[in-house]
Every structure is written in structure tokens, then in C-alpha cells.
Amino acid sequence: MKKLCVVLDEREVQDNPFQPDMWRIVRRYPLTSDVNFYQARPVDVDEALKMNYLPGQFIMLSIPGEGEAPFCISSTPSRPGLLEFCIRKMGTLTSSLFDLKENQTVGIRGPYGNSFPIDKMEGKDIMIVAGGMGVAPLRSLLLYILDNRDRFGKVTYLHGAKNPGEMLFREEFFQLKERDDLNCLLTVDKDDTGKWTERTGLITTLFKELGPIDSKNTYAAVCGPPIMYKFVMENLVKLGIPKHQILMTLERRMKCGVGKCGHCAIEYLYTCIDGPVFTYWDVLHMKELIGRGVSDKVIA
Amino acid sequence: MTKSSPKIGVYGFTGCAGDQLMILNCEDQIVDLFGATEIRSFVMAKSDNHEGELDVALVEGSISTEEQLKHLKEIRERSKILIAIGTCACWGGPQAMKLGDGKYEDRYKKVYGNAKITISKAFEAQPLDAFVKVDMKIPGCPIDKQEFLKSVSKLVAGKHPYLLKSPVCLECKWKENRCILLDGKFCAGPLTKGGCGAVCPSHNLPCVGCWGPTDDLNVSAEYNLLKEKGYDPEEIITKIRKFGGSGVVELVKDLEKKGAKK
Amino acid sequence: MMILKMKKEDLPAFLESAKQWGELWGPTTKEEQTAYSKVDGLSQMDLKATRTMIPPKKFLYPPRFTMFDFDEEGFVERTGDVPKRILFGLHPCDIHGILIMDKLFLETYKDPYYAERREKTLLLGHSCIPDDKCMCFATNTDFVAEGFDLFFTDLKMFYLVWVGSSRGHDLVRMRADLFSRNLDKNDILNYTEYRKWKTAQFKAKIDLTGMPDIFELGYNSPVWDELAEKCLSCGQCSMVCPTCNCYNVVDEVELGTVEGTRDRFWDSCMFREYSVVAGGHNFRDKRADRLRLWYTHKLQAFIGEFGKPACVGCGRCVSTCPVDINVATVSKALKEQEVGK
């Protein structure tokens, strides 16, 4: 069967890895009160199909005069030509990006990072656990898997948000729920609308609904706020999923994206070139990573 | 250019007006500055001033009277962005070096005795952010021309200014100066926000800390080091407080709690 | 490797001819402070100085430079304005430092700015006189076998000159008359004697064996907190370290326009701002965490990655840190679980 995307090694490597290319914002709409969704395509249309990436990789986004920062890719390479990303209004660059209008241009370079190990995940059952903004990189993986559905086993998607209004891509997931080749479970910590038809409670409550899983044959991908990792990891390990098959994607400050500037170092690893996807086994060796509480629970 | 020129107002309170003077002293760029912006009010520079809505208010000096306070609040209300310029506006300046010691009344009496002051009730000088929201601080005594112009350029272009947060030592090393502390001299470089180009150490003069505290200063480390070098504890604290103002009040208190002699 | 012999008195003539290739830079000393400066010839250089305060990384990777010019249309790379330079008087540790920088900047995603400067710089090493701060014997960087174009070992009357590259050989050929290929028994004896002499010069007491494990064991050690109480967070250690490569990037705008430059400048992981992400969360808010990162990176992480420490034993942190936090004191404190006075 033909793969829908080209692997990283085959893409042309630019002479200057720091050189941003200009991309045009072709679509922008709000996902929540403080998160916007963007679609971009290269100003030079011929470049559009040259952007090959894998789920889990990230790009460096620049606004000339404002600066540059890493953002994960939310779109899937199986739908080429466009890049999609989500931006939460937080710092100075993100608030400038937040104010970008459709048809404006931004600098983009990449893709960078190691991506989810798609080759190893093929043929396996997949469990995706997303909390809050964590859906941004995991949407890429989910859509990629759904576009190549026959290459994966059972697919489970768990998604938690604070409240219905804060759930990113809410409508999209309600549609995906209708598919019978995907077990999609959604929950909110608190329903402040009175109209929420899905589960209520922390994301860990969804684990009780999973039923039997073929744990040794399962890859789990997790992304969410630090507090979520603590409880989700405990549950995944309890389910018997091997630690090297639990994948996490991490966020760090970056100035280069290519292993030069040093900012994203975590002990002996660089998030930008050794990550941003790490296995839980990797993480257990990085004491600095997400607080010591995480590893203590499992080791003890 | 698509954007209309931002409306700017420049104001001064308790201070030496040196920061406003530095703006006027931007010889090569002053024409560009007045061209790229609409200077609505700048009492020190011109007579034709209009007090209305502002995109950016640049405010120098600390606040030390009721009248100033009223004026500051009024400026804040009609300004989208308020920027403190100079160490007095950012941290209080040398007039705030005794901030928080609770002895303002005594000092006031010592200077003015029982004289009746009729203009406006005075109080201990404090930085702007003690009273109103300050969007950005450009410290300096006076401010650095380049840092100021870079910030204004970004504001005019609708971008966020970037100021170095690291201490004076960063640029001091770029200039290949030998660390003055090694020779046992009192250098406040590690405590002080950089961006000045390490001017004083580059002339073999210790940093006196005139840009105010840096992002992450370790006051007790500097104190212990200088004490070890033979400095009098009281002198060390006085020097740390000289330009530190509101930025070091709590740090010095902690230091004294830990047993440093006042 | 080709090793030639040159009379010591011929060095000025050799350097004079080498200047045809590019600007000549060497160590100069002013008010007891040594720095690499542009020189006319040997007479201005101080070859006896043990170390410059700022390592030669400043030539390959300047403290601040412009990467791109930009306007609304996009970014245009700024390269090409780098002069050709000959650096004379680099010590083995300096060259080892550059070899580490090469790994960081030239492998996987080649940095074009570093690559251009590296390409336009010739490295001419010179043997050194170790002082009590030199630790290169503990990092296995007291001698160097690669990375230089030429290396001059001072054997009193003569230089033995290692020719490390084709370009180095080109310099030799410009004054082939000054070099001889005829090495005899005495040269070998003199060189052996020199190595013995150099090895005997080291006074520092430092042993870095087992550091990766000691760092792993000492991750939660209170030693880090004690060191953090002393640390001024001034970042001088990063500026003077020949293997500190971290940088920050900032866009500057021309007044009244949307044009500007994207600039890159030396940064330090000792600064609080270093690990702050959008929204203000700091992954290393505590000073102790930042100190640990710095030293872990030098003495543990790099060994895991490249099989050698990212410390070349040059002693710059020892001679620079005002509160005596350096590779020697930190490794000792961690081993002995006590911060020395």
C-alpha cells in the first residue's frame, strides 16, 4: 500500500536552516475564547507540496519584527498543501499571531523534531489521550491514522477539557464520534452550559469505560497540561502498556529548532532534535522533565 | 506605511529630567522620531501641547506629591500604553533608597522642620507602578539612546519591544573587561539590568547599579561576597538600595532577617 | 601527520608572509588582561600568556551579529561580510573547544554563519605554559592532534610544526625556505622532554573520572542549593566558556519602517529568562536548577552524547567566577558532598 506522505530524509535540506519562508494565512477562526485556528499555505504556491512532515513535528513561526517561536503542527501530511496550527494568546509573539488576519503573511521554517514513530505504530492498537491544548499535536496524529485507517488496529481517542467552551475542535470530534472505526470519548471537568451531552469528570474517568485492551500491542500518545500527565501515566502503566510504547510530546522554549541555541535542553537531550516526542521510558530518566512526582509513582 | 503615526506624550515627575533630555539628545534620529510619531505633548521640548488620548505615554520620574499622583492617574486613563522611562519612574530612583524604612516623617521634618508647605502634600517617592499599571519599564540613569530608540521603533511598527533582562555582566564580558569584583572592588553589575553596554566597567569604573535591579538578582550572594572582601555591611546595603528602590526593598528585608547587619 | 621544523627566529618572517592570506590575530596583553586582537606581527603578541579571557569562539560565533535583514516580503540572509583571518597562538584547549563547537554547529543542520566564519579562519596553534588553573590534563585536552591548520610546539631553539590541513600546508609553502623536513634524534628527545615538562606543570587538583555517575547520584544533592546561594547569576561563566554555544534571537526594527534585522547574541542558561515559555511558565525557575543544568551539560550530558566532556579544562571559569563556582569546585563539591570555602 502506498504511503500518503514522504519520510523526512527525502526532503530537500535548505542551505540556511534558519531561513523562514513566507506563508499566507488562508483561514483563521477562533476555537475557544483564547485559542485561534490557522490554515496557511506558501506564498510561492509551487512550494506547497514540498512541505513534507510527520505527525508530532513542529515548525518555527515568525512575524518579522516580533520574533520566532515553535508551534506544533495540527494538520496531517495526508492532506498536503496546507499547514494548520493552533495558537493560544499567551506571550508577546502569540498575541501578535493571534491578531493576524486572513491573507496576512508569516515566516515559517521546518518541519523539525522527531515526530511520532509512525512506522512502529503501524499494525498496532492506538490510544490517544489529549487534554486541553494537548490536542494540537495529537489531532495531526489522529487525522493521519484515520486517513490511513487500514494500517492501524483499534483506535481509541480520549479528550478532556475544562468545560465545553474550552474544548478545541469540539464540532470536529462530535462528527468523528459517529465513525464506527474509532472509539472517541469526550469529557469536560465541569459542564457550565447545561447542554453537554458527553461525559463529565477528569480525563482519567474515561479509562473506566475502555473495556479490555490488548496492552502489549498498544501504542499510547499523550499530550496535555503537566498535572494531567501525572494521573494519565499511572493509568496507562496500570493498563499494562509498555513504557516505551507510551509517547509524550513536550513543549520548551526554543530559539532555533535545530539543536543550536540550547534553550530547549532537558538534561542531556534537546527537545527540538531528540524530541519533541519522547517515550515514557525516556521521561523516567529525565528527572527535570515534568516534576519528580511523575516518576516516583511508577517506580515505587 | 499602513499604520497611522502613534500619538505620544512625554511627561516628567520627580527626577532630573535627564531621560527627557536623552530623548532630545537623539541627534541623528530626532527628526525621524518626530516624523514617525505624533508627539502630542512634550513640555520640555515644545510649547504647543495637546492633552488628549494617547497611544503611548512616556513617563519619567518618581511620584512624590498628591498633585503628581493625580496627574499620573489622569495620564494613565487616556493612554493605551504607559511606559516608565528612567530608573526613577521604574524603581523610585535614589529618592526611594529608604523606601519602606518607615521613617519618612522623621526625614521630612529634618529637612523642612515645621515649615508650612502649601503647594501639594508630599509623600515618600515611589515608582509609577506603585500607583498605576505600567506596561513596560525602560530603566536607565539616564536611559540608553539605542535601547530607547529600538523600543520606540518597535512600538511604531506595532511590535512588542524587547529589552535585555540579563545583568550588566553579559555585555561587560562581550567587551572583554576583567571582572571588577575579582579585584575586590564594589561592582553592582550582577545585580543590575544590562543594556547600557557596560559603559562604566569598560572604563574600569565599577557599576553603581544605576539601571536598577535585573530580572534575577542574588542580593545575598553579592552581599556575602563584598563582606568577605572587607566592605562594611551598612555600606553594602546602602549601595544596593541606592538605585534599587522598590526592586530591592523585599530582598534587603530578607537579607536583614537572615542576620545581615543594617 | 606532517611534522616540520622551523628556527624560532624565523617565526616573524613566516607570519609576515601568512598575512597575504588574511588578517593576523593573536593574543595581546593589556593591563594584565589577555585578548585576541588584530596585530601587525609577532612583536605585538604575548605568546607567554596562559589564556585569553574570551576564547577564540568569538571569531567563529561573535557575541552579537545579524542573521537576516527583513521587510514585509520576507527574510534575506546576511552572510558574506566576514574577513579572512589567521588566528595565531591557539592553545590545545582552545582547539579542542573549537572541535566541540564544530560538532554542535556543523553536524546535523549546518549553521551557515558559523560555517562561513570557520571557512574563512585559519587556526594556528601554539604550545602553552600551564598555570595553576589549567585542568586540561583531567579532560584529556592537554595535547591536540586535529582541528588546527598548523600547530607550533616551542622547543626553545626550534619549533616543531604540525601541518594539520591542506590550507596549513599552503601557508608553509609560501615560505617553504623556512621549514625543514629533516628531523633528527635530538628533536625526538627534545619533544619527549617537552611533554614531560608540560605534564609536570599542572598544579590543580581535579579528577573528573566517574562524573556522569556522580551527577546522576547527586541530582537531588543539597550541594546544588548551597552553590545556588553563592551564585550571582551573572552569566560570566557562559561567556568565557569555550564550549558554551547558547544564544538568543531578537528582531530589531528600523524607526518608522517595518524593516529590520534578526540578530543573534550570546545567552546563558544561568539567566532566569532562559527557560521561560509563553505564558510565563519557567522550567528552571530555581537558580539551583540552572546551575545544575550548566554543569550537567558540561560534565555528564556531553559525555553521554559524544564520549567526552564538554569541558576542555581551559580554566576560564576558574579565573572568571567572582564567587569560585567552577568546574573544579563544583565537581569536588559534588564528590565530597560539601561546598568548599
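Going by the order they are written in, the chains are A, B and C; count residues from 1 in each one.
Basically, contacts are C-beta pairs under 8 Å (C-beta built on N, C-alpha and C of every residue); 3 or more make two chains touch, one makes a residue touch a chain.
Bear in mind that the values here come from a model prediction, so they are computed numbers and not experimental data.
Trainee: Looking at CA centres, what chain is most distant from subunit B?
Mentor: Following the centroid criterion, the farthest chain would be A.
Trainee: Between B-C and A-B, flag the pair that has more C-beta pairs in contact.
Mentor: B-C is joined by more C-beta pairs in contact.
Trainee: Roughly how many whole angstrom separate the Cα centroids of subunit A and subunit C?
Mentor: Inter-chain centre distance comes to 39 Å.
Trainee: Could you work out how far the Cα centre of subunit B sits from that of subunit C, in whole Å?
Mentor: 37
Trainee: Quick one: report the Å distance separating subunit A from subunit B, using the average Cα coordinate of each chain.
Mentor: That gives a centre separation of 43 Å.
Trainee: Name the residues of subunit A that each touch 2 or more other chains.
Mentor: Those would be 65-67, 93.
Trainee: At least two partner chains per residue is the criterion; list those residues in subunit C.
Mentor: As it turns out, subunit C has residues touching two or more other chains at 250-251, 253, 258, 260, 267.
Trainee: Pull out every residue in subunit B that's touching 2 or more other chains.
Mentor: Within subunit B, the residues that touch at least two other chains are 154, 157, 159, 162.
Trainee: Using the touch definition from the top, list the residues of subunit A that touch subunit C in their complex.
Mentor: It comes out as residues 13, 15-22, 62, 64-69, 88, 90-91, 93-94, 105, 107, 251-253, 255-256, 258-263, 265-269, 273, 287-288.
Trainee: Show me the residue ranges of subunit B that touch subunit A in the complex, using the header's touch definition.
Mentor: Result: residues 154, 157, 159-160, 162 of subunit B touch subunit A.
Trainee: Applying the document's contact rule, which stretches of subunit A touch subunit B when the two form their complex?
Mentor: Listed in rising order, the residues of subunit A that touch subunit B are 63, 65-67, 92-93, 95-96.
Trainee: Spell out the part of subunit C that touches subunit B in their complex, as residue ranges.
Mentor: Where subunit C meets subunit B, its residues are 31-33, 35, 53-54, 63-64, 229-236, 239-240, 250-258, 260, 266-268, 271-273, 287, 320, 322-323.
Trainee: Using the touch definition up top, name the residues of subunit C that touch subunit A in the complex.
Mentor: Touching subunit A from subunit C are residues 67-68, 70-75, 77, 104-105, 108-112, 219-220, 245-251, 253, 258, 260, 262, 267, 269, 274-280, 283-284, 289, 293, 296-297, 300-302, 304-305.
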